[in-house]
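Got a structure for you, written out below as structure tokens; questions coming shortly.
A, B, C and D label the chains in the order they appear, each numbered from 1.
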Amino acid sequence: MNLHSLVNGMARHRVGSALLFLLIFPLLMPYEALAINILIFGLFAVGFNLVFGYTGMLSFGHASFLGVGSYLTGIAMVHFGVHWIPAIFVGVVASLFAGLLVGYLAIRTRGIYFSMVTLALGQVIYYLFYKADRWTGGENGLRGIKAEVMEVFGFRIDFLDPLTKYYIIWMFVAFALWLVSRILASPFGSVIESIRENEKRTVACGYDVARAKLLIFVISAGVCGLAGALRALHLSVVTVDSLHYLQSGQVVMMSLLGGMGSFFGPFVGAGVFLYLEDIATNVTKYWMGVVGLLFMALILFFPRGIWGSLMHELKQRGMLKGDRE
Amino acid sequence: MLDITPSLFMLQLVTGIALGAVYALLAIGLSLIFGMLTVVNFAHGAFFMVGAFLGVYFLGLTGNFWLSLVIAPLVVGVIGLLAERYLVRPLYGRGIDYPLLLTFGLSYVLIDVVRALFGIEGLPSSTPASLRGAVDLGFGHFPLYRLFLIGATAVLVLALWLFLEKTRYGLIIRAGSRDSEIVRVLGVDISKVWWLVFGLGTTIAGLSGVLAAPTRAVNPEMGISVLAESFVVTVVGGMGSLPGAVVAGLLVGIVFSMTALLAPAYAEMSIFVLMALVLLVRPQGFFGKAGALG
Amino acid sequence: MNHQDSKNATAANRRQLLQLGAAGAALGTAPFLFNIASAQTATIKIGFPVPLTGAFSAEAQDQVRAAEIAIKEFNDAGGFNGRKAELLVRDDKLNPGEAATRTLELIEKDKVDFIVGSLSAATQLSINAVTRERKVIFNSISQSDAINEAKDWSPYTFHEALNPHMTAGAVARYAFPKFGKRVVYLTADYAYGHEMVRGFERAGKTLGATTLADIRHPIGAADYSSFLPRIQALKPDVLVMCNFGRDLVNSVKQATDFGLKEKTRIITPVLLYTARQSAGADAFEGVVGGTSYYWGIEDSVPAAKAFNDKFRKAHGGAVPSDYGALGYAGIRSVLQGVLNAKSTDSLKVSAAMGQLKYNWYKGDQYFRKCDHQSVQSVIIVESQSKGMKDKNDVFKVVGMENPNEANLRSCTELGHKA
Amino acid sequence: MNPSPLIEVRNVSLHYGRFKALSNVTVSFAPNQLTAIIGPNGAGKSTFFNVLSGALPPTTGQVFFEGQDITALKAHDYARRGIAKSFQITNVFKQLSVHENVRVAAQMRYSRYELFKPRASFKQAIEEADALLNRVGLTALRNKTVADLAHGQQRSLEIAMALAAEPKLLLMDEPTAGMSPEETSSMMELITALAKERTVVLVEHKMKLVMGICERLIVLHHGEFLAQGTADEIRNNDEVRRVYLGQG
């Protein structure tokens, strides 16, 4: 089969083909821990992009949901001895609530103000967890997160084996990506896109914009929370800087790097970001500066981002039909 | 074990005002730029930091604090002008997010450039000899330099006010921040005005850096927390409002200082809580135009 | 070859097989492939995660310099039956999450035998969380009380550095009798700060010191002025700055501005060589604090002289800093453990290190049985602003507390079965 | 007046601080009638339009739709009850395809917050959208991005979107603004056709345009109700002549 139909075939089953790629992904990375980070931050970025790219609200407080997911999963395991699978669930639910709270307060504002409110509320959450060191370990971080070894159909799930860990986390990420892609394809998906395009008209069409915004914000928080929960299991520690607004800024960077206009853009962005960081830090002390330059160049010359530009090219060449990514 | 005497309270208040002075300066710069260009300058903290470094550097070079107080901000201003011309300007009309994100990237670059030039540990900075020591305010001893901070801010705010109210340029800027169309009608090249305002804003950021340098550790990351704090001030005061910037700056300084007295560990959190509250009760801030919300 | 190694070897083969498939499938990603982990080598690999970027990069770079000296010494002496040691430096960016990832990289990709490093309580604890699960020895070279406690500790955990309790205790025992008993603490509000205060108050109780106030400031705060009027009003004999690095520089500088030094003596548990260098003489004038090492002790301690000379020789006359010296000691302890155990197996080496009685650079030291805390001397220094021989001559050594388990928290208090 | 009105405003006033944009206006609109609201600039036409569409809540007074008081409802509830509008400045989803624009509008009646069913499974919405595109003559541009359309085409698209809600009341704010003569006449035809099936209210300042086609006109002046009636009645109304046509 020719490249043309291959591309469209993959586009038709975007999640499927992506997950297939992610199956062999760890073997292409220098080491599994990095591959796992990319999985997790990829999910984080995709979740964030529901609000940023699809609904057009630039949140600067999404680290809160990553962090809350991590912490509550960790707290459930460390302080209450909950098994890691239900613990993940706890983390996700917690971040859903955090999303409801922050969202409820933030969506009353628009544009720059939305960015600022989310940033401020994010910092409040940061300091709250920082202060509650009896539960969170404060500056020292939350330690002692240990996922029990499990036997499933004779298959041994041991998080100490990096590849096993990768594929376990891959399953959760796969599920989440499938879910998000479903939601975006749903009627509600088109509602949030209309909100991004033209809020007034969306209201005139009879959609309750405030409610839709809140709903997508909460969903986004949940997805980011799952990413956080998985991160807690991956690193076996939770650290307070995962709640800081610089972490929020990083996920914005990742999304733009890959392209906020597309489904996989943010995921690709996260991957490229972390991979570059991994090599760059062994080469130069000035990694932040490199990122900054790259980021500025992108905004100035490729606002579509890496993946976004690629998709655009394919469409221009007529290799890709419709609005598929 | 709270032991708050009136004199302690007064001292705490003055301290808060001195602290607020720096916030006010930062917020003025941020507000000028936002009010005129509707650009949220995420590199504002970095410009502040660069100002601090250059201040210390020129002080070492010339041995004259007053001279460095003039040179350093101007250099920062020039960097600002270049940034606007070659980085921000191409983004006008591309949506409010893009300049915001670009300046966010710019701050990363500035931080690492400073690291490369002055080293990662930062520079030793001490109070200029002529402004050392403490003054008896009747209710306690207070550092002379911090009184100077308050004074300097007052002078600058006054100067800026005169500039905006009494000069033709000021008129244009005030008109422009209400509606750039008007300025076009007046036959002024709006892009030049924006350029200069961005320069002015960054110059003020640099100046506040130079002024703050002797009171804190001068290191490449010093701007990161400052940025968040000056956001709080601009939002509380109302984006783009200069009186708002001053009032909110002092308020935030005092709130911080008072929480530091009553519940020290919550001092930093307090200003973010303040901001969240203000935004809920009055989203556009004290002096903000409700329209800015759209 | 130990269990770990053989497991890794098979893992490596499995990878290579899979990689062939992967290579075919993944067009365009070929450039990634050269990165795949190589098979086992004979060298003894020691992972060294330290914050090369971030606030403490100066100390971190010094740690690396000193560590390299220890490696070179070991290899020049013939290594361990021919096996040379190799140092794998990684930047943890002073970020605990990054530290954990880097440690995973070192263990899973580079298959290191040991980990030495870290330069903050938070990073060392997250490194430790990773190493202890994977039964890899970690010798921490930065301060923390928590890492000795049973909750975090494991047989593979060693602590080469001082801990806050020892340091604070020693400074208290020197300062309170000299400067006065009415004490105010200005404390960075995080575990390290709290641990320091606990150390001072514990020692202070026996000395009859009274705490007037323990004022907590947010870590990394830029402005301390708002905490100072309160302190002024309390008129203490001693103001203890229980904070670190830049926080210390900031708060001392601003306390000086407020004229606090006139009536009050400022002391601090850890007086950093590099912090003093970067803050300048004025700010630290007359400040007294503790340190694990100061090159100036070479006049009285031969080991220090020897170490300083090696360092000067290797690095163009520069003298090692406190944390730098720890990098040297941390590596030497582990490698000595390998020689004594005649193996690189974690458990065997751990046992051997537990037996060590050593004098690498600052006098006699040994690891306490129950928690692997290195029992060692604490040096008390005073910052001087005049009469310095050269730019390195920043401190005056005013006291030294000899190694003594009695100055540590008891094993039972830490939750260990003594 | 009978039959019972579809929508009715009772002594509605709307103040911005001291400025009275509308004062004590009472008007009602009978079903399936084409009415135009006219008046010189600053007469309060657009404000009145926004009150009818729920975009601006009145300071005092009430709005009744099919006999129910809907004053307190939100704008999107107005729309759901069957009050659709086209804006003075074209308001469409610029980056989406022409068809998607109408489909989203139509979708509102089938699904709003469904998260897991694919959009494609809501066939009716898709077919209705195509039917409407056909009606406003945009079928050829079905898959184009709206941003690439001519202004007139965007106007038509907007009307298709308004119709997609199957409104009982269609509000149009200067539907022919900025249109070429040809576009204008075809738009007027469309509007007359639409008015046969439902209530249509136009806001227009080009009096000549509406005189011909509207069964009834309402004249506002300085935010106050001035007169209403057929084209002829209005023509011959002295009040109107004086304030509006500036004669006599």
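Everything that follows uses one rule, which is that contacts are C-beta pairs under 8 Å (C-beta built on N, C-alpha and C of every residue); 3 or more make two chains touch, one makes a residue touch a chain.
Small disclaimer: the values here were computed from a predicted structure and weren't measured.
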Can you name the chains that touch subunit C as well as subunit D?
-> A
Indicate, using Cα centroids, the chain positioned nearest the centre of all protein chains shown.
-> A
Using mean CA coordinates as chain centres, what's the subunit A-subunit B distance in Å?
-> 33
How big is the gap, in whole Å, between where the Cα atoms of subunit B centre and where those of subunit D centre?
-> 49
Per the centroid of Cα atoms for each chain, what is the distance between subunit B and subunit C, given in Å?
-> 37
What is the distance, in whole Å, between the centres of subunit A and subunit D, each centre taken as the mean of its C-alpha atoms?
-> 42
Residues of subunit C touching at least two other chains = 53, 57
At least two other chains touched by the same residue of subunit B: list those residues.
-> 120, 265, 268-269
Complete list of chain pairs which touch one another = A-B, A-C, A-D, B-C
Going by the contact rule at the top, pick out the subunit A residues touching subunit C in the complex.
-> 21, 24, 27-34, 37, 133, 137-141, 143-146, 160, 162-163, 231, 235-237, 239, 241-242, 281-282, 285, 287-288
Subunit C residues within the subunit A interface of the complex | 11, 15, 18-19, 21-22, 25-26, 29, 32-33, 35-37, 52-53, 57, 90-91, 93, 95-97, 100-101, 104-105, 108-109, 121-122, 125-126, 128-130, 133-134, 144, 146, 151-152, 190-192, 219
As the complex stands, subunit D meets subunit A at residues 53, 74-77, 79-80, 84-85, 87, 91-97, 100, 103-105, 107-108, 110-120, 122, 161-162, 164-165
Quick one: which bits of subunit B touch subunit C in the complex? Just the residue numbers, please.
-> 1, 3, 5, 7-8, 11-12, 15-16, 18-19, 119-127, 132-134, 140-143, 145-146, 215-217, 219, 221-222, 225-226, 256-257, 260-261, 264-265, 267-269
Of all residues in subunit C, which touch subunit B in the complex?
-> 53-55, 57-58, 189, 213, 215-218, 220-223, 225-230, 232-234, 246, 249-250, 253-254, 257-259, 274, 277-280, 282-283
